Amino acid sequence: MINVSVQPAPIDLPAELAAVEIKGAGGIASFIGTVRGDGGVTELTLEHYPGMTEGALIGLAEEAFARWGLLGVTIVHRVGAMVPGDHIVFIATAAPHRKEALESCAYLIDRLKTDAPFWKQEKRGGEAAWVEAKASDGAAAERWT
Amino acid sequence: MINVSVQPAPIDLPAELAAVEIKGAGGIASFIGTVRGDGGVTELTLEHYPGMTEGALIGLAEEAFARWGLLGVTIVHRVGAMVPGDHIVFIATAAPHRKEALESCAYLIDRLKTDAPFWKQEKRGGEAAWVEAKASDGAAAERWT
Amino acid sequence: MQLLYFAWVRERIGTGAETLDPPQAVRTVADLIDWLGGLSPGHAEAMREPAKLRAAIDQAFVPLDAELGHAKEVALFPPVTGG
Amino acid sequence: MQLLYFAWVRERIGTGAETLDPPQAVRTVADLIDWLGGLSPGHAEAMREPAKLRAAIDQAFVPLDAELGHAKEVALFPPVTGG
């Protein structure tokens, strides 16, 4: 079961976590990415490419589903304005055994960082700046190929 | 912040997840182990070594905390009688960045499987049988040393 | 051809979408970037450093030397930073 | 000395805890397993295959050749299967 959502609304973690629990799953791994308040960030805005974003996330989910023999995959990514502490992304994978759940969850967040069309803008007080892509994200995505 | 619990009560996932969210964490990884109903298992009973169990889990949590520079670690392990679908164990790690959160979460579940004094007994209909340790668990724990 | 712009590419150009009809000589994404740079001061500023741009044709990432072919929708944007 | 038994070790012996005073010659965990095997048919059944037993002295895992020393609490059990 694949569940992908790109939404301005806050992520309902308990509901999303409950939804990915599939009868027969022995392990459920999840990852939550949050807005960090360090460096004086007061607001974070996520822009995306409607249509392509959903397609990219479904593609990644299907790839992980097949590669690790998963029972369930959920990817929820928030867009729009957020403040420190808010959840940006929630990824959860359910598998018969823990290894597949843990690996596929790490895979999905690594690949999402380079393969899905999102852009972050940070506000520090009145100053807005687009976040630059990190070389380490490219390296992290590469290790799965 | 380290939070360890060995309890007969069901694991309150939303509360535990919320508790591990620390101001400043950029990533929170978690793992849920559940009772699998395959192979005709109707009930699972977890026995443990009171006192030593808590000590072993706190030891593992402290080790991960230091090794990955974590901001928070939660380990909740249920004991007593459970049925398929119930949550046996919940592990969550909070870190400034995703890599540390994901790795330390995988580390903790691998090490918990070999380093904490729990024993599983499965019931299939009227038949009770103690679960045998898996060689693969030993190998999974070894890879972190 | 539908052009879409995101993040600072959108901000510099001053719009997120426009419909344009590039000349026949514009065969690749790189050609398109070059041609767009001549349209206005905002376009020039956005297209100034092609090495900092990424592209998608009909919602699939492509390298800048990709042929436009019969593309209906071409998007230009900086490297992605989601998650 | 406080002896603790878990899982099928406990079931075979018929109790989870007992206080015993092993003779001086019992120096290691392996010696203890050997000695316990002579106490009752249940103990004999539980201690029959030492290779399937694991041990902890004062709540720390030890190999079977570990010296008992001044151990206050010794636990015997099968390999752990939590998580």
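We call the chains A, B, C and D, going by the order they appear; numbering starts again at 1 in every chain.
What we mean here is this: a contact is a pair of C-beta atoms (placed from the backbone, for glycine too) under 8 Å apart; a residue touches a chain by one contact, two chains touch by 3 or more.
Note that this is a predicted model, so its numbers are computed, not measured.
Novice: From chain B, count the fewest steps through touching chains until chain D is reached.
Specialist: 1
Novice: Would you kindly tell me how far, in whole Å, the mean C-alpha position of chain C lies from that of chain A?
Specialist: So the centroids are 26 Å from each other.
Novice: Taking each chain's centre as the mean of its CA atoms, how far is chain A from chain B in angstrom?
Specialist: The mean C-alpha positions of chain A and chain B differ by 23 Å.
Novice: How many angstrom lie between the centres of chain A and chain D, each centre taken as the mean Cα position?
Specialist: Each chain's C-alpha centroid was found; their separation is 49 Å.
Novice: Mind pulling the residue numbers of chain D that touch at least two other chains?
Specialist: Touching at least two other chains: 83.
Novice: Among the residues of chain A, which are close enough to touch at least two other chains?
Specialist: 33, 98, 109 - these are the residues of chain A that touch more than one other chain.
Novice: Going by the touch rule stated at the top, which chains touch which?
Specialist: The list of touching pairs comes to A-B, A-C, B-D.
Novice: In the complex formed with chain A, which residues of chain B make contact?
Specialist: Against chain A, chain B makes touches at 13-14, 17, 21, 23-34, 36-38, 84-85, 96, 98-99, 101-102, 105-106, 109, 140.
Novice: Spell out the part of chain A that touches chain C in their complex, as residue ranges.
Specialist: Touch residues, chain A against chain C: 33, 46-49, 51-52, 55, 77, 88-89, 109, 112-121, 130-133.
Novice: Under the touch definition given earlier, write down the residues of chain C that touch chain A in their complex.
Specialist: Spelled out, the residues of chain C in touch with chain A are 4, 6-8, 10, 56, 59-61, 75, 77-83.
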